[in-house]
Structure formats: C-alpha cells, structure tokens
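Below are structures written as structure tokens.
Each of the next two complexes has subunit A plus one other chain: subunit B in the first, subunit C in the second.
Right, the complex of A and B next:
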C-alpha cells in the first residue's frame, strides 16, 4: 500500500504514522492498566488544590480566556500597541487596509515581473 | 505489504518502545545524579526513576471534581503515545528507524509539539487555577520555541540542497540525508560557524521543548505548585513522567542524527550484529552528552525566567542567532574559498 506524500525536499506517510500512534496508544493503555485505579470519591481528596485556601466559587476560580497569551502580549506589546490601532471596529478602515495591502502586493508582483 | 512484514513491524515497534522506555528512565537517572554532583549533593541512585514510576503506580489516581474526566484521563495517554511515536523516526546508530523513509524533519518538528499539546490539554481539563495558569504558560512557550526550530531546520535543509543540487535521490529534510552526508565535513569555515550557531540554539531550545529550567514556567513548582501537573497523581502522572523522559531521548536523538551521525563500527572494523550493538550503545552515549549540555549544565547554572522573558529569549535572541547561522551557511560556498585563497 503506497501512502507516502512526497515533495522534492521531503516526505511523510500519514497512514504509517497512524499505525505507529495506534500501537503506542495500546502500549500506553497497557502501562496505565498496571497502576492503581481507585481513589476516594467525594472526599477532600478530589477538591482542587489552591494552597489550602477554600474555593470561593467555581466561576471565580477560573482564569479568564483573555489572559491566555498574557506572556506573549507582554513581550510583544510594542508591536501589538501599534497593530491594535488598526482594529478600530470600523468596516471602512478594514476595507481600506485590504485595498492598501492588495495594492502593495500587486506592485511587488508587477515590479518583480518587470525587473 | 505481507503478513510477515506487518508482524515484524509491530515487533520492531514494541522493541523500540520498550528499549526507548528503559533507556529514557536510565538517562533520567544519570541526569539526576550528575545534576546532584554539580550542586555538591550525592543525589539519588541511577535506578531512582524506575522506583519513582513503581511508587506512582501504587498511588491513588485521583480525578478532581472540577475536571473534565475523559479529557483529563486522555491527556497522559496522548502525551506518552505521541512522545513514543517520535522514536519510530530516529535512526538508532547504524540501525534504520522503524519508520525509516516514512517521515522527515518537518514531520518531526510538528510531532515534537504533540506531547506539549497533550500536557496543555490536561492542564486545562484539570479545572484548577494553578493548572490553568500553567497550561496558558505552556502554550506561550510552545509558540515561542517553534520559530527558532523552524529557522534552524530550514537552514540545515537549505545547506543540503546547496551542497547536492543535482542529486535526485536526496530529500533535503530527511534524516537519512544527514546520515549519508556529515554536515561538518561538507562546509567551509563560514558554514562551520553557521552550523555551530544552529547547534547551540538547538541545544538551548531542547531545554524549552522539555520545559526544564530556565524555561519551566508551565510547571514552576515554587510559584504555581507544579502548574500543569498540580492535580495529576498516580498512573496518570506516571505516564506524563514517562512521556517526558522519552521526549528527552527523542530530542537528543534528533540532534545526534543531524549533527553527529557517525558510528564507531567502521573505526573498530566490526560488522553484523556486533557492529549494530556497538553503534547503538555509542548512539545512547552521544545522547547523554547532548543532554548534558542542553539540560543538565543549563539547569544547574541558571534560574527560571519569567514568561515574557521566555518569549523574548526564544523569539528574538534564538531566532536571530539561527538567522545569522542560516546566512553564514548561505554565504559559505562563496566566501570560504575566498578566505582559503587569502590565507595561503
């Protein structure tokens, strides 16, 4: 069965990868089955660990999704502060930006063709 | 593909995984012993990782009440399995890998992400604030180290293409190309410096890939109580631990396969099974040396970075070094001969 996807510089075989993954999952399940399965349900054991502090409420204990890439935004804030100015919420601005980018790309392609 | 080949492949896969698992735990033992010695401690015995796994299997596997149980249990299995599949693509000394010719460096680069992705999913599924913060940090770290790795891989493949432009059987991204042509032997002075820079970045990025100090912001025991793994216990934690050990060996194996693919058997003039055994042993020794420089030495020498510093270092410093390496590799065919003429 030939399932290799090839390019001039590389290749990969998705079916063989799936085969390898299936065997590895089987191996993982076997190893997992060797461990202890039981635990004390509905006891303090299953409460979330918050360094001994009580859980105020489920919703308050969760970290907001807006903080998902905090570290990334913090590091690249000089870039984001500039790029976020474009996000005005006005469709006219977005269309203007699209036209501008298409014009620049057109110029590059035409100039590259001429040169 | 006959039945015999199929059965042989399954047997080879199991052998690779079993051997990889034992060697990975043994190397983790060496890691802990050497790290302890560098910190003027005696350290645990070499078999300590095996004892740790045995202990974890005897402990309760708690499912926290805020968790999403199916995802919480699936994440360690996915982490272990995806780390194990990496081993199928790496040549073991003079032995071909199980899936030789079935995947290249680009595939490996993306497969390296899967164990970290499984860890992140497990963290989010834990339903704990510490684990959620850890998972968020791990995602940011993943995005950060991907960029320098890709630049390095592209530089290496580019070098292969420039060195052998007319070889129709050479796939520039394949590990077999690097086994067949020792990269250091094919380049001039500028290429050497470029390759050394890329190797330097790969060694440091390994620390990030494996989430070890100074890039262990996702776990950060002293700040967020283990982060991603704060709620994990028993056999689930054991699988994450095993996955981490295997990924360390795989990462070391990839660096060895690219930069140091040479074997001992030609020097000792031996062949057959004896040669395979010697080369396999030598391969593991090379992995230990690579991991010594990329994990142990760095872990002992520096403290943990902040999350924004991780992005700074990986995106800007490492990527810049890799780009300089890429440029040096690119100019090498023109500048190194000129330097040779000027020198003498």
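Right, the complex of A and C next:
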C-alpha cells in the first residue's frame, strides 16, 4: 500500500489511523445521542452561567492574542527577557553574529584541526 | 519541436524560458494587464511541466548533464583558447528541489493574480519573480561552484527587490536593506571560498574539485566560509534574525518563494557537505555541527514564535524552527556516513526524513503564508491583537489555516507528521535527547499555532469585520492547491518517499556517482 510508511522500527498507516479516528468519533456521537434531549433551546437553559454575573457582550469577551498564554510568558520571563534582548533588529548585529559563527568554526575546524 | 527535443534541452529551457519572459515583461505590459498576467502564468505552468518531465526522466534513467559551450572552448584571434563551458548536472536531488521550486512558483503566480492587483508596476513584480525562479533553478542545476555564486546573487537581488516591492509600507525597505546586507556578505564568502578552491586546483567544477580535494589548510578555510554562508542563508541560529524581518514584510506570494529560496540554500549546504567535501572531511564533526545548529535553530525559532503579535513574524519564526528539523536529520545521517552498518539501519532513513521534511515544509509554510496574506488582503493588518472571529466570514481560509497549523505541528494524518515521525524515530536511535527536544518543539509549535488560530479565527464576530468576506477565487485556488498537497502527502507518505525522496537522497549521498557521471570513470 502506498499509504504505509515503513520505518526501521515499524510502520505508519495514515488510512488506518483515519479509520480509527472515525470509529472513535462515531462512538463519541453514539454516547452523546444517549444524553438528555429535553432542554429548551434559546432559553436560559442554554446560556452560560457565570456565577450570577451578567454576560459581557460577545465582542468584549474575545481574548486577544496578547492575553493568551499569559501564564506561560510570565513563568518564562527571565528566559524571554534575555532572548528578546538578543533579537535586536539591528543589521550590524546580524553581520556580527555571522562573523562570530565563522570565527568559531575557524577556530574549531582550521586552527584546532578537529577535522 | 518534439517532446524528445524538449526533454533533452529541458535543463537549459527551465532557466532560459523564465529569463526570457522576465526581460520581456516591460514589453508585454504594453499589451495590457491581462496579457502580462497570462504570460507570467503560462511561463510558470510551462516550467512546471518541463520540471516534471525532466524529474521523471532523471528518476527513471539517472542523472543528466547539460553542457553550454563547446569543447575545447572559444579560440581568440591571438590563439588563446577561452574555456567557455558551463555545465549543468541534474541528479535526483536537483530534480527534487526543482519540483518544489516550480510548484511553489506556480502557486505564487496564481495567488498573485488577485493579491497584487491593486499594486502598481506589476511588470517589474513579475520580472523579479521570474528572475527569482532563474536563481533557484540555476543553483539547483549547476555543477560549477562559481555559477552557484552567480545564481545565488541573481536569487538574492531579485528577492531583495521583491521584499522592498511594497515600498509604501514603512517596514518593507528596512526588511529589504537587512536582507541585502546579509545576502551580500554571505555571497562574498561563497565567492571567497570559490576563489580559494580555484586558486588551488585550477577548477570550478564541483565534481573536479571533489575528486582533487586534499583537505588541506586552504580547503578547510573554504569549508568554513561555505558552511557559514549557506547556514546563514538558510536561516539557522544565531544567524536567523533576518528571516522574520524579511518574510514578514514581503508580499505573501513572495514570502512563500523566500521559504523555497532558504531551502535552496539548505540544498547548497548539503551539496557542499555531501558532494564537495563528503567523506574526506571528518563526518562526525561536520554531522554534529549540523545537529547543534539544528537543535538551537529548532528551540530558539519556536520559543520566539510564541510571543509574536504579527502573524507573519510568528509564521516566520516557526519557519526558522522547521529548518532545524532538516539540519538535525541530515546531520545525524551524515555523522553516520563513515559507519556503513548504522548508516544502512537508520542513517539513510534519517536523511530521508530530513529531505521529506523539506518538501513538506515548503507546502505547509507556503499555505500558512498565503493564509496570512489572505487575512491582510481583507482586514489590512498583520496584528493578531486586531483580529478575531474571522472563521465565519472566511471559512475556506480558516480551514486552510487549520490544515497548515496541524501539519506544521506534526499532527497526524497531515504531511508534517509523516516526515517528523521518520525524524523522531531515527534520531532517537542516534541520541534520544535530541529526539525528545524535537518532540517538545512540536508541542510548542502546536501551542503557537493554537494561539494564532484562536486569536484570528475564533471568538465572536467583531463589529469592525462585519463587511469582511472570503478572498477572491484565484487566492483560494492557491491556498487549496497547497492544502490538498499537505493532505495528500500526509495520507500517502510512502508514495512520496519511494518515488521522490529516496531517489533524491540516493543522489545526494552518492558522491562517487556524481563525480563519475560528470568526469567519467
């Protein structure tokens, strides 16, 4: 089969994976169909409950990109402060880094004679 | 003109046709915008057909050489024989790269038809775009180190012009300037290395140099310069900073061609490592150089992508990160080059994973850049903070973004998973820690893409986007072509690996075959 990718340890069959996914989705839908159907649409029964607070307007409830992963960014603040400082946006630094890499490789490959 | 004639001369035609069409553009524009667009589209379509014909022939019958100029050369009245002889050599790897370049160029032109419609001086846009193609194909086909420098320059100059094309945007000239400075210095290093090798061996032909290389002091300096220059041009850490500056300001169809141009630099790096220096260098050290470069590129790229607010900068950093996968996989394969048993068990498969990743990367990175272009086309911003709820009015665009996001994160059954699966598994056998870092980076990539998708497409409809609708059909077509390939390559990975990737890898690692096919036994 042209879909089966053999690797040194085994194989990967995407079509089989898709079949497994379809079975899993079918099973999930089956369980869902066993659920309560007697709720009334467009009533308070289907509205979100925010501890009794009024629901904010939809446009105000959108979480902006800057606010996503706030915790992740906060916990890695020290890493990001360093890495952001490294990305200066200054083309002189870009050239300097290229020269630096070439110099390190020169030391390792040419002078130290590693190769 | 028969099919055979076309096939015989296809290596030359693939360069000559876009070159001729490029310089004819200022004349063609006199015939109207539709004719200009039609000629550009017909050119890339013809090139795609020629490349497929050539690749099919190369995969079936072996490498093809094409000689410009005569033997022994041009004789001047003084009696001096000028050795004018340009050699192209198209093996499996060159043909593989040409397929990527031609396909992405075709998609870029289809997408440009509407995307660039509002811009002026489009004859110059298509002129530069076709010159970019010339540069890419030239680098892929040439068997000559000096011509590689020439085509690298053609590619860089055309790319620079296109990055600065929308000069009315404040950051476009800045991005182009940075690209110009860094490309010029990189190209000068390639030229210097070429000069060193020419001075020693009186040859520019890659096969001739590979045959005569003694790996002395000067050869090592040339290797350092070539490795440094091409590693910078392919956007590896710590020389990657020009990539987001450049990709993000270029028009979306040019961003996807820039992705391919960095891959062409990666190809040049692999050519230097495998074909020019090959086993005569210390394969373990060079292999580990690629691995360390790849690991750092992988990690820094993805961690820098997560906090970005500009969608194109976010995708650009992820593009940097993806280059890391290819460097690691090929580095692992190369470091096992001198150990035939281990190379046969998993070294070869690691290189296959890296090269498969290369074609997959061009597809999903291209798709993501086209989607970001579609967003910019409709809402006029790249700022993720200003977006939201766009999945409703832009359904096809959002589905394409979702496909591209899942593919770049290596989620099955998309193409990114298949190549990363090969890389994880083979690299794990070499060194489990590298493989674990690579998997962690996939998780972070998914996190970055979830953030971008959620910010741009999810959430309630925003009042300012009430009038937003789906992009024009030609732009949708460009995105759908790439999305379909992402899905197809993911569902039938073996078809691609067996018929495209394996012949490419066999050609890349067969240094003696390269030398023999060009210089004879």
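We adopt the following convention: the second predicted complex is superposed on the first by the 78 of 115 C-alpha atoms of A that agree within 3 Å, B and C clash if a C-alpha of one lies under 4 Å from a C-alpha of the other, contacts with A are read in each partner's own complex, and residues count from 1 in each chain.
As a working rule, a contact is a pair of C-beta atoms (placed from the backbone, for glycine too) under 8 Å apart; a residue touches a chain by one contact, two chains touch by 3 or more.
These numbers come from a predicted model, not from an experiment.
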Item to check | Which of subunit B and subunit C A:17 touches, first, second, both or neither | outcome: both
Next on the checklist: Applying the document's definition of touch, where does A:62 land relative to subunit B and subunit C: first, second, both, or neither?
Outcome noted: both
Checklist entry - Which holds for A:38: it touches subunit B only (first), subunit C only (second), both, or neither? => result first
Next on the checklist: If we overlay the two complexes on their shared chain A, which of subunit B and subunit C does A:9 touch? Say first, second, both or neither.
Outcome noted: both
Next on the checklist: For A:72 in the superposed arrangement: first (subunit B), second (subunit C), both or neither?
Outcome noted: both
Next on the checklist: Looking at A:29 after the superposition, I want to know if it touches subunit B, subunit C, both of them or none. Which is it: first, second, both, neither?
Outcome noted: first
Checklist outcome for this item: Dual-contact residues of subunit A, meaning touching subunit B and subunit C, are 1, 4, 8-9, 12, 17, 58, 61-63, 68-69, 72, 76
Checklist entry - Residues of subunit A touching subunit C in their complex? => result 1-9, 12, 14-15, 17-18, 58-59, 61-66, 68-69, 72-73, 76, 79-80, 83-84, 86-89, 91, 93-95, 97-98, 100-102, 105-106, 108-110, 114-115
Checklist entry - Considering the complex alone, what residue numbers of subunit A touch subunit B? => result 1, 4, 8-13, 16-17, 19-21, 23-25, 27-29, 31-32, 34-40, 42, 45-51, 58, 61-63, 67-72, 74-76
Checklist outcome for this item: So, in the complex, the side of subunit C touching subunit A is made of residues 177-178, 181-182, 185-186, 189, 215, 217, 220-221, 223-225, 227-228, 231-232, 238-239, 241-242, 245, 281-282, 285-286, 289, 300, 303-304, 306-307, 309, 345-346, 349, 384-385, 387-389, 412-413, 417-418, 421-422, 425-426, 429, 447, 451-452, 454-456, 459-463, 490-495, 497-498
Checklist outcome for this item: In their shared complex, subunit A is touched by residues of subunit B numbered 1, 9-10, 13-14, 17, 56-66, 76-78, 80-82, 84-85, 88, 98-99, 101-107, 126-130, 132-133, 136-137, 139-140, 143-144, 157, 161, 171-174, 217, 225, 230-231, 234-236, 238-239, 242, 306-312, 315
